[in-house]
Structure formats: structure tokens, C-alpha cells
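Some structures are shown below for you to check.
Look for chain A in each of the two complexes below; its partner is chain B in the first and chain C in the second.
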Partner chain A sequence: MMEATALGAATARSRTRASRRWRGAAVGHLYLTPAIVLTGLFVYWPLVASTVLSFYDWNLVSPTWAAVGWQNYRELIASRAFWMSLVNTGKAAAALTVLTVGVPLLLALAVQRVGPRWRDLYRVVLFSPTVISMAIACAVWLWIFHPLYGVLNTTLRLVGLQGPAWLSSSDSAIWAIILVTVWKTFGFNFVLYIAGLLTIPREMYEAARVDGASERQLVWHVTLPLLAPTTLFVFLSTFILSPQNLFIPTQILTQGGPNEASNNVGYLVYQLGFEYFRVGYASAAATLIFLVFLVLTALQFYLAERRIHYGR
Partner chain B sequence: MGASARGVHVLLVAACLLVVFPMFWMFSTALKPPPEIFAGTFRLWPSAATLQNFTTALTQVPMLRLFWNSLVVAAVVTAAQILTSALAAYACAILRVPGQRVWFALFVATMMVPSQVTMIPNYLLIARFELLNTYTALIVPQVVTGYGIFMLRQTFKNLPTSLVEAGILDGASSWQVLWRIVVPTTRTALAALSVLFFINTWNQYLWPLLVANDKYMRTLPVGMQEFVSLEGGTNWGPLMAAATMAIVPALLAYVVAQRYVLESFVTAGLKE
Partner chain C sequence: MRFHQGTVLLVAVLGLARSVGAAEPVTIEYWHINSPTFGGPAAKELVQLFEAKHPNIKVVEKFQPGVYTGLMQQLQVSLAAKRPPAVAQIGYNLTAYAAGQFPHVLLDKYRKSDPAFFKGIPDNIMALGVLGGTLHGIPFGVSTPVMYYNADLFKAAGLNADQPPQTWDELQRQGAIIKQKTGKLAVYLQQPNDEWIDQTLIWGNGGRPLSEDGKRIGWDAPEAMEAMQMWQDMVNKSKIAANLTWEEGLQAFLSGHVAMCLTTIGRQEHMRRNATGFQVRAVPVPRFGSKPLATATGGNVLMIFASDPAQEKAAWEWIKFVLSPEGATIWTKGTGYLPPRAELANDPRYLKPFFDEAPLMKAALQTFPYTKPWVSFPGPRGLEITKILIKARDEVLEGKRPAELILKEATQQANALLPK
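Our next item is the complex of A and B:
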């Protein structure tokens, strides 16, 4: 008996050793190679190249580059366009985050209260903008916002109101972009909330009901607290993605105008590089934006880590 | 049905109408003859529906070719992203490679880099190798994704250890363990991630806009913008017809596979 156990332990040990040797084999690097080469070439090298380019003046076609030192950065920091786009990006990101965290939550709570067949129907419809192309959707919204023939203003005219030129007025342009972005992206968060709601055990509600909790109290004291991890995930992903999500509506609906009123940092880089052909200047903007983004993301993760612990 | 249940339905129906209206309006405009489009008065449905916008759209833009381009790019990018992600995730989750934590961190960190930051050097690289307006340009720079590596590493880590151990005892090589054990057992997660990648690539705009300006090499979302003119001379009828032709197949595919698509977004989008 003793022998058998000792033998068993010995086999187990040699198995572990074999397994460890197998797992640690030199070929492991080969599996990483494609990802290393590709991220190196298309993400990390561009980051370096962008920083290098930011110290040059180059127009995309000229055979000569001129080294200009910190000139691009100085010009950028002194430019109104840069600050306007930075402020607008912050404003739009805040609005987008509030709306695409709040609206889908409300709708998911509502959907939870209807029968399963209705729930499926609402879910399919409300999610549908998420699967279509943002660029094509924006072309449709461009038509909806048309100052003369667009359905928004023709409807307003029906009730005797004169709608503004939504996309070329500095008050409304950025809100049009925000509206379209919310329309296009809220469905994803909505579905995440529904999935989150399904993970809340029924017994929690039953226990609270036995204790005499009202429907409203159930939402405040059971649903929302237990949904907190989903909400945090939705919040972080929405905020991080919002500068990216703003690009297409800006490019198609307003081109950042009028007078930078609806510009944002991602579009500014595109504009400087591919419309004004100031590659070095655009790269300086890209580099600064990357730094701002990095700090904000790091800060967010730091805050999130402190609030909630993921992991198993 | 109680009063509050009715209120809930009213809220949800209103939300659905707001969501669907732009798509309805696109279709309705596509069917209107020019005088109705430019009437400047509200009309929900054309009084004399016509298909002329569709014929104009088809003669101005090679729609079938655009479809094909989008399909090729989305399919190849999806397959390649899954492959590179699975390989890297396997090395990070199951094998023991020196420095794997550092590599993994570097892969995941790419998620924090907005595409606008890398687009200029990437464009210059593609232009330098004279690859503008090729499938290579549309596909190759996107065949790796930090998100995919991150998601699949989580998935692979959750596999029971005994599964891989059994393979090792049978004398399987790491390559065989990957393809005969790891991939088959995680196929649901891989499929969900593929749906997500396919939809993302299909809808993508910025990168194809930069590298494919040839009429025949554009993808659908880019080719569509041909009708949009900044000078105000936009051809609204054909634009809406083209948008309808581009969106309707995607929506149909979504409605048919809705349960699956929704589940994919949830499983691939929300990590445990």
C-alpha cells in the first residue's frame, strides 16, 4: 500500500515535470511571432514614426523633409482648432457616456418587465442599429438633418416652426453628432445590461419582497447594486471608445464645422494630415492626443481597480 | 395589463420607433421620384413609388463589386484575426514562454491606441510599398487585434487543466493540442468572436477610406459616399437607394441569425 502510494506520487511528479517541460518548450515563441510582428509593424512602429514625424515639416508629396524641432507642438498649443477639438471631445465623451450608460439601462429595466416574447422583439429592434455601418447610417442622417428638405425640418414646418440648419449651426452641430452616435451605439450596452440583469438570482427579489420591499425599492436596493459590475464595464468601454466613435459622424455630417464647433481630436488629425497635407503637424497632434488618452485611460483603470475586483 | 405595464410598453414602442425611423425614411426616400424628394413638405410614403433611384445608383456605383470587396476583406480579416489571436492566446495562456506576461501586456495595450494615432505612418508605409488600392492594403494592417488576444486568453485559461494534460500524456505536440483539443472545445467562443470581428470589419470606414480610393477597390461604406457632395449637390435619391441596398442584406442576415448575433455580442463583449 505504502509502496503504491509512493509510486503514484513519483509518477505524478514525473508527469508534472514532463508537462512543465512540454509547456516550456522553445517553440512557444513561434506562436507569439505573428502577433509580435504585426503589432510591432502596425501599432508600435507607427507610434514611434508618428513621434519622429512630429518634429518635421512635410507635405506628403515633397521629396524633402525639414526638421523643425518643437515648432509643430508650439503651433498646435497656440492654435484655436486644437483646444476647441480637445474641449469638444471631452464634452462629447461626457455626453455620450451619460446617454449611452443611462438610456440603455432604463430600456433594459423596462424590457425586464414585459413578457419574454415581447422582450425578444424589443431586443431585436433596439439592437438593430448596432449591426449596420456607421458610415452608411450617417449618410441617412445627413439627409434627415437637411435644412430644407430633411424630414426633421419639414416636420417642424408642419407645426409652424422653422428648424435651424442643424449641421451648420455652431449650437447644434455637435449635438447632432452626439445624437447619431447614441442612436448607433446604445444597442450594444442595452444587450449587455439585459445579460447582466439575467444573472441576478430570482431569490434576491423574492427575499426582498418577503421583507415588504416595493417595486421601486427592488430596483434601487437589489437590481442596481447587483448590476454595478455591468454598469462599470459599460461606463468604461463607452468612455474609452467615444473619441473613436465620434470620427465617422464628424467626417460625414459636419467635417468638424462650423468654425471647429463640432471638431474632435481624432478628426483633427485626419484633417491636418489628409486634407491640409501637413503630415508633421498632424503627427504632433496625434502624439499629444495619444499622451492625453494614455493618462486618462490609466486613471480610469486605476479608479476601476479600486472600486471593483474582477477575476475569479 | 396594468397601468404601469402599459406605460412600459409605451416607452419601449416609442424607443423602437425612434430607432427604426431613420431606416424607414431611407427606404421611403429611395422610392420617391425627385419632385417628391425636393418638395420640402412632409410625406411619409411616396405617392408615386419608383425604382429609378435604384437604377441610377447601380449605374453610378459598381454596387456588386463593392459588396464583393467588403465581403472579401471582412472574411479574410476575420479569419486572420481569429488565427493570430488564437496562436498568441495559446502561448500566453497554456504554454510557458519566457516573457509571456510582457508580450501579453504589449498586445493588450494596443487596444488603448486610437486608430487616428497610427493611421498616418501606416498610410505612408502602404503608399511607400505602392500597395494603395489593393486587397493587401485593406487586409494586412488589421490582421492582429489586442482585443482578440485578450478575450481568447481568458477563454483558454478557463479550460480545465486535465484536458491539456491528457493531450500531453498521449504524446501530442503543442500544435496538435491546440488544434485537436483547445480549438474544438472553445469553438463556441471562437464563433462568437468571429461574428463580432466580421460585423466590425464589414462596417469599417476610416482605413478603407484612406487606402482605397479607386472606384473598384472601395468597400461598401466608402463607395456609398460617392453620392455625397460637399458642395450641396448631393444626389439624395440614389444615395438612399444605395444605402438601402447596402443595409438591407445586413439587416436581413441579422434578423435571421438574431439570437446568435446577440449572444455573440454578449459573450464576446462581456468577459467573466
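Our next item is the complex of A and C:
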């Protein structure tokens, strides 16, 4: 009888715990529901709709969608504009990765070594471009790039060099766009690194010093490994956001020209969809680009995860 | 009971008065590209005057950024949502696309019902709204390219500023002198995201941007290739012309770094106000030898997209007003566009005082009789054709390959996109 009572009590406790867990999980799901619904509605549903649309020809106005099978994809793969924009995006992603992942890291390490007053000054100076509107920044850069009397070419002439027509030459236009994008996004990554450096516990350095580590070894064996999660985030966000960050300078400075020389995948999708009104074709481009970036991002995750040390 | 009877009577009388005295007010949307610095205040003034004359029609004017392409993007989206504006400005370069792809009101019926309205608008101007023999839009803004020049740079080069070049040969001769004597570039031909000036060169050299049957692009015709090769040579061989983006080119001219600038008369007020430290003048664009002057016409037509009969009626009233002598006067003063009713320029009640005080406008008036259409490429792929031709121009001006090769390739691509 006693055993039965104890068993019953244990079962009841177990039920209560399960019930609590279930209720806890239900509340969790409930809290997540708005985010999930909105993400589904504004991210995943457009993704699915865009993929479906990529098999149709539609101009936004026509009451019917004409099914065209794989035609949009075939046309895209045969198009010079698509490959040019993909190559340019690759160039930009590589340049941005070096210039806005590597250089801000070095500067953040340097800023950590100067006194607090200088540190604040450097932070303000290096972060300022980030808070300036990109459209306004582009207007200023338009003047800087002016081949006849812009600051850039005037300075180059002072040292005996002839600068190009930055925005009108197919050799330089994409680099002009990259330069503006680097200038604009550089400061944000710099601040992320500063924040990352502050999370590294001081005792790690003290322990390493006690073990006789040199300053270079501290950076190499303590700072960089413990900063790896920040580096991964900076690297991925720079890479994934590069087409978006390139959009405004491209729109304002070159409209993808001359002759596609400064086009990139984000701007190409916009052109196809909202300049030519070929929404199905633009969706095919968006889908292909999504797949390319998905594969590259997964690869980065896979490679980076193996070398990253989270937490203490 | 007596109170109730009185109330009923009052309501009945008021209702009767409403139905007899005033029709139901109609609200229409008017979409335009007139920014605050380019005709925006004129658009607002037109609305105020119109509403004062038509108390039953309310016009909501909406500025659309991104010039004609930007407006088309918004229009396409609004049509998809089945909420288009009643009236919108459509650039001449986009008219064929809009007429072919968008549901809109055909306007030939108004030729019969409103013949007085059409009097005074020349045939070559009204033709800008006609496609395939049907009137799709009413020409509203009419602009011509002109050649602005820096009179002080001409004088500094020892040239007579009262005798600027009238032909391309003269321009190249004088341009070489300007470059040699002043070190400045001689000329900039506008290079925005359209092919308006390219079409002007082609028309001017006796070519046609598009064959009359609409089946062939004219960029590979000898006249077109010769004109574009001349442009390439001025940039890359004699190096007297600038290859710059539109904004850069305008800045270069206004700051005195380029002696001549071919762009729209719609910029005359901007040129006059912003030319720094020199006297700006304007003449018609140069001719090709003894060939007659011919320029592509810029500007827009007004098209009606309203599907509701009351809205359509109100939209037509609006169009009639803005093109009336009173409306066109406000419009021309506010934008620098030429009035589609040419006689207003000589009428002291309307635009004569304005033209007398705006000497730059004379170049546009002299060009007016020689205007040709800014050809809009037909079919659903017409917008891509325009882009192909802009890209070809970019390549021509870089000078890495002869114009002939580039234009033949571009024409072949473009022809494939024309409706069969």
C-alpha cells in the first residue's frame, strides 16, 4: 500500500514536471510565433514565390504569367551581364573581405594599445563614415572622383601620376564603387572588433605572460583565437552583405556602367526587375545568386567552425 | 410630429439641392517628375488654378523620383495593384513601351469631341503621342537639345564668341584651338542613362534610329556609325571632348573646365544660375555639313490610366487645362520646356515677355521646327534595347574598338528583341 502510494506520488511528480516542461515549451513557442510568422511571411514566402516566378515570364502588369520552363535560366547563363556582375561581385567581396575584415582588425589591435583619450578620438574618427548617409557620401565621392578637378586626381597629379576617369572607365569604375563601400562599412567592423577585444578576459593575458609569452605570441595565441567568433561574424556579414552594400553607390555613381563594368548581382536583379520589368527573369537571377551565396556561406561556416574557439 | 415633418422636409430639400447644384466631387492623381528645383512649384500652381476653375475636381499631384524611368517603375507597380494614377507623364523614350504594355485610354475620340483643343498644336509635335496611327498621349513637355557655351573661354582662345560653331567640322576646328590656347576641353555631349543625344546625332547625320516599319534598329546604318565614330574620335583621337558621367559633365561645364555642353534646354535656368564666373550662351546643336538641322525631341506625353469614366473625364479636363494657353505659360516658365502651342512664344499675353528675358531659350525656339521624335522602341523588350544602345555608346567612347564593330554587334542584339 505504501509502495503504491509512493509510486503514485512519483508518477504525479513526474507528470507535474512534464506538464511544467510542456507549458514552458508552449510559452517559448508562443513567444517565438510572431517572429516566425513574420519571418515566414516576409522572408521564406517571397523566397518560394520568387523561385516559382523564375519559371514564368511576367511584367508585373499582365494578368497572366506565361510559363517558360527553364528559359529564364538558360538566357541568364548565356548573358554577359550576369557573368560580369558575378565576377564584379566576387572582386568586390574579395576586396571588401581584405579591406574591411583584415585592416579594421589591425587598427582595432593598434587602438587598444594607445591611451584612453587617443583611443576615443580614433574610435570617433574611424567610425564616423558609418553614420553618414550613403547617398550623401556618394554625392561627396562624385566630387572627389571628378577626373578634371576632383581631389583624388588632383592629388595624383601633384605626385606626377595621371588618374583615370574613375567612373567612366571600364577599368576603374568597379574599384571606385569598392572604395566608397569600403570607406562606408569599414568603421562598423572596426567597432565590432573593439567590442570583441573587450570580451577577452584579462587573466588570459596575465596567465600567458606568467608563462613567458611575448607580445607577438599574446596576439597570435590568445587574442586572435579568442577573437575568432567576432572575426567569423565580421567575415560572413561582410561577404553576405556585400551585394547590398554595393547597391547604393552603384545606383548613384555609375548605374552599373560603363558597359556593365561596375555592375553587381544585387544591382543586376534590380535592373532586370525594375528597369526592364522582366520579373520572372529577375527572379531567376535572384534564385541563382541565392544558391551561389548559400553554397559559399555553408562552405565558410564549415571551414571556420573547425578553427573557432567559443567562450572561455 | 411637426418636428419630424420639418426635419424630413429639410433633408429632402438639402438632398435635392445637392443633386441639382453640384455633381459628386472627383479626385484624380497626377504623377509627374517635377522636383522642387525642376518645375515642382509650377505643378502645384497648375493644380491650384485648376481646382479654382473646377471645384468638383480635386487633383492630387505626386512627384515621382528617378525621372521617367523612376515614374515608370512606380506606375508599373501601381498598375499591378490596380491603383494607377488617372494621369501620368510618360517620357517619349518610354511611350511605346507604356502604350504596348499598360492598360490606358486611347485619345482619338477626343479629336472629334474637342477639336478646338487640338488647334495650335503642330503636327510634328502631336505626332510624338501617336503610335501605329493611334493617339496614346498628349505631348506636354517638349524640350530640344541645345549647345550651351562658355563665351569667356572662346574669347580666351582668341575666338569670336558671337560666332560659335554651327557645324561639327567647325566645332572640331575651334575645339582644337580652345584646347591648345586654354588647356581646357572643348565639348561635352550629355551621357545620362538614356540615348537621347545619340538619337540626335543619328537624326542630324541623316539616319533614322528605327526603320519606318519598326523592324530594324538604325545604329548600324552608315550615317549612325559615322556620327558615333566622330564622337569617339573627339574623345580619343583629338581629345577635345570629355567622356564623363552626366553629373560630372555638367559640373565640368559649369565650373569652366569645358567650353561647350550639349544638353537639354530644360537645364537653361540651372545653367544660367550656376555658371560660375563666365557668361553662358546657347545656340542650336551643330549640323553635319550641309545637312539640315534635326534633333530628337525630349519631354513627355500625358497618358490617361483611369478606368472609371468619371475619373477619365476629370483627367481629360486636367489635360486640357495644363495645355491651355494659361496652363502652358505656367508650365514653360516653371520648367524651360517649350510650349506645345508654339504661337504662345510670340504672344505678349503669354510667353513673349518670358522669351524676351530668357535669351538661352531662343536656341530652343530656333530648333523647334526641326524636331524629330525621340524614338521609343516597341515591344515588351523595348527597354532592354535602349540599354543595349547605351552600353554600346559607353564602349564607343572608351575607344578600345572602332565604333563600326561595336554598333553592328549592338544592332544585331537589339534587332533580335524587336517584335517580329
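Miscellaneous remarks
The working rule: the second predicted complex is superposed on the first by the 221 of 312 C-alpha atoms of A that agree within 3 Å, B and C clash if a C-alpha of one lies under 4 Å from a C-alpha of the other, contacts with A are read in each partner's own complex, and residues count from 1 in each chain.
Throughout what follows, a residue touches a chain if its C-beta (ideal position, glycine included) is under 8 Å from a C-beta of that chain, and two chains touch if they have at least 3 such contacts.
If you're wondering where the values come from, they're calculated on a predicted model, not measured in any experiment.
In the superposition on chain A, A:Leu167 contacts chain C only, with no contact to chain B. In the superposition on chain A, A:Pro147 makes contact with chain C only, while chain B stays out of contact range.
Of the two partner chains placed by superposition, A:Gly90 touches none, neither chain B nor chain C. After overlaying the two complexes on the shared chain, residue contacts for A:Pro34 are found with chain B alone; chain C is out of touch. In the overlay built on the shared chain, the residue A:Phe277 is in contact with chain C alone; chain B does not reach it. Look at A:Gly257: by the touch rule set out above, it reaches chain C but stays clear of chain B. Once chain A of one complex is fitted onto chain A of the other, the partner contacts of A:Arg15 are limited to chain B, with no touch recorded for chain C.
Using the contact criterion defined above for the overlaid structures, shared-chain residue A:Asn59 touches chain C, although it does not reach chain B. The intersection of chain A residues touching chain B with those touching chain C, taken from the two complexes, comprises 142-143, 146, 148-149, 255, 274. The part of chain C that touches chain A in the complex is made up of residues 69, 73, 76-77, 79-80, 101-103, 185, 191, 193, 242-245, 247-248, 251-252, 255, 257-258, 380-381, 383-384, 387, 390-392, 394-395, 397-398. Residue ranges of chain B in contact with chain A, taken from their complex: 4-5, 8-9, 11-12, 15-16, 18-20, 22-23, 25-26, 29, 37-42, 83-85, 87-88, 90-92, 94-97, 100, 103, 106-107, 110, 112-125, 141-144, 146, 149, 165, 168-169, 174-175, 178, 199, 202-203, 205-206, 210, 220-222, 224-225, 227-228, 230, 234, 236, 239-240, 243, 246-247, 250-251, 254-255, 258, 261-262, 265-266, 269-272. Residues 15, 18-20, 22-25, 27-29, 31-32, 34-36, 38-39, 41-47, 49-50, 53, 106-107, 110-111, 113-114, 118, 122-137, 139-144, 146, 148-149, 151, 154-155, 157-158, 183, 187-188, 191-192, 195-196, 230, 233, 240, 243-244, 247-248, 251-252, 255, 265-267, 269-270, 273-274, 279, 282-283, 286-287, 289-290, 293-294, 297, 310, 312 of chain A touch chain B in their complex.
By the touch rule above, chain A contacts chain C in their complex via residues 59-62, 142-143, 145-149, 165, 167-170, 253-255, 257-261, 271, 274-278.
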